[in-house]
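One chain, chain A, links the two complexes that follow: it is found with chain B in the first and with chain C in the second.
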Partner chain A sequence: MTAKHKIANNVGIVIVSHSPDVARGAADMVRQMVGDEVPLAWCGGAPGGGLGTNVEAILAAIDQAWSEAGVAILVDLGGAETNSEMAVEMLSEERRSRVVICDAPVVEGAVMAGTEASAGSTLDQVRRTAEELRAR
Partner chain B sequence: MTDSATGSVRIEHEIGLHARPSVKLTQLAKTFESKIEFSASPEGPWVDAKSIVKVMGSKTPKGALLHFRAHGQDAEAAVQALVTLVERDFELTP
Partner chain C sequence: MSIDTHLKRRLIGEVARCMVTHAEELTALDQAIGDGDHGLNMKRGFEAVLADLDKTAALPMPEALKAVGMTLVMKVGGASGPLYGTLFMALGKALPESPTRAGVAQAFSAAVDAVKARGKSDVQMKTMLDVLVPVLAAVNEGGEDLYARLRGSAQSAAAATIPMQAVRGRASFLGARSVGHMDPGARSSSLMVTTVVDVLESEGRMTKQDENRAASR
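Coming up: the complex of A and B.
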């Protein structure tokens, strides 16, 4: 058996939902099913409470889950995606090329992406695995 | 030089090859270089054990006799490790 991949070398996962409960719950599922080998962060909810997403929180989550291998973002609906795109645009050029937004369901995609990431896969492999759900 | 290996084991885990067992199996399979597949029947269809989406999508139920086949330098070690994982109920506490 090969040595366990170091957490810092694995692709990070960011979960963005309108609901903080959904985002936290999806992150819990990744932690419990996949383990601690993957950098993981979540955000959700409007700054003043209630449902929503915001660019600052997404940027902070990307920073928290940052990995040299890159970060895969899972989003739920509408604004979660557009605000994530905006957050990615605000990253330094060097980081921007290493962040992808996955076209996958947020909860299932997070577990699939996390499993792939925990094996030390590349960012592109992680994204393809999350998006494979949609192609089935 | 490459090697081939096969092995089989019955799934006793309460819910079969569902979410958590699928993740454990895929994670372990991915630690080996060999191509690894499994099937609930010796005739196939064969599922890529390193694809979490395909493993979870196989919906292999409890009681199924799981056949593994591997091809590559560490094929024998891979099959042995995967059979042991299933025997140990995926190392998940009930």
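Coming up: the complex of A and C.
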């Protein structure tokens, strides 16, 4: 199996934060853990700038991190989750069933999910690993 | 009630302008218990709605509402985007082109349900639903002084969120400290309802005669 083939088969990770700096920083941490083994994309900031999240940017990030094994989304707060749910609903039916939003803290969740994904785990395993971090 | 282009322009345009005008007030409310961006986000969304107003007002009402909803989803940037976007899109989906009061009530009910599902929320959680649900009840009741009661219901329902403790949204992080402030989403919903009622009243729409005419068709 070529390296490229392997990457395409690993679950993709999308990081959505209100802050582009947080999203980029979390993505850097995932990259440091897993190198290029996992499709990874991030987005942050409201349409036109400022803190917030942007459905269009979330859709683009899902597309960028797309994998046949699916995509796990990590979100920070409120609107990031609601806007991600909206974006997922706007996907084609065929893709929609292969995207999950993890109920986990965004930075730690992204690193855990990325590490799990790099092992070739299923989307469900990736989500469960991230959600072990869920605040209780 | 027939909804012509003139009425569509006024309804959509005046709701949008009202949100833009009240941006600072909504942001101030949100600074007290949330992340302080509600007014800014609504302003961004509804300025985009205003920019498309000519195109939107030319569409049949259901399509126009769906277009407004989609603009809010894409432009607002906070949770209020999908929440208000869902309200407008669901309203558009359920509204007949020439609705009677019963038709409006039915569509509004479907839209409120869609907002509940989107926000995984319900009344008494200090959200926009604490305004939308009582207003829906007033629409369902109908009656002679409907406009006045709708306005009163929207205003008192928004005020009733002041003593509530937030259960959903960013304000829930504050726990008991969210008590004592009006919910910004309840306020924006109340402003929207009031604006719609003002426009319908000034245009003399949804009157008793209108309903009788619709019923005799």
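The working rule: the second predicted complex is superposed on the first by the 129 of 136 C-alpha atoms of A that agree within 3 Å, B and C clash if a C-alpha of one lies under 4 Å from a C-alpha of the other, contacts with A are read in each partner's own complex, and residues count from 1 in each chain.
In the analysis below, a contact is a pair of C-beta atoms (placed from the backbone, for glycine too) under 8 Å apart; a residue touches a chain by one contact, two chains touch by 3 or more.
What you are looking at is a predicted structure, and each value in this text was computed from that prediction instead of being measured.
Bringing the complexes onto one copy of chain A puts chain B beside chain C with no clash.
Residue contacts after overlaying the shared chain place A:77 against chain C, while chain B stays out of touching range.
Legend: residue contacts after superposition of the two complexes on their common chain; A:51 is shown touching chain C, with no touch to chain B. Contacts of A:115 after superposition on the shared chain: chain B is touched, whereas chain C is not. Contacts of A:133 after superposition on the shared chain: chain B is touched, whereas chain C is not.
Once the two complexes are overlaid on the shared chain, A:85 sits against chain C while remaining clear of chain B.
Of the two partner chains placed by superposition, only chain B is touched by A:34; chain C is not. Taking every C-alpha atom of chain B against every C-alpha atom of chain C, the smallest gap after superposition is 26 Å. Of all residues in chain A, those touching chain B in their complex are 1-2, 32-35, 111-112, 115-116, 118-121, 129, 132-133, 136. Listing the residues of chain C that touch chain A in their complex gives 35, 37, 40-41, 44, 73-83, 85-86, 118-119, 169-170.
Across the complex, chain A meets chain C through its residues 18, 45-48, 50-56, 77-79, 81-83, 85-86. Residues of chain B touching chain A in their complex: 19-20, 23, 26-27, 30-32, 50-53, 56-57, 77, 81.
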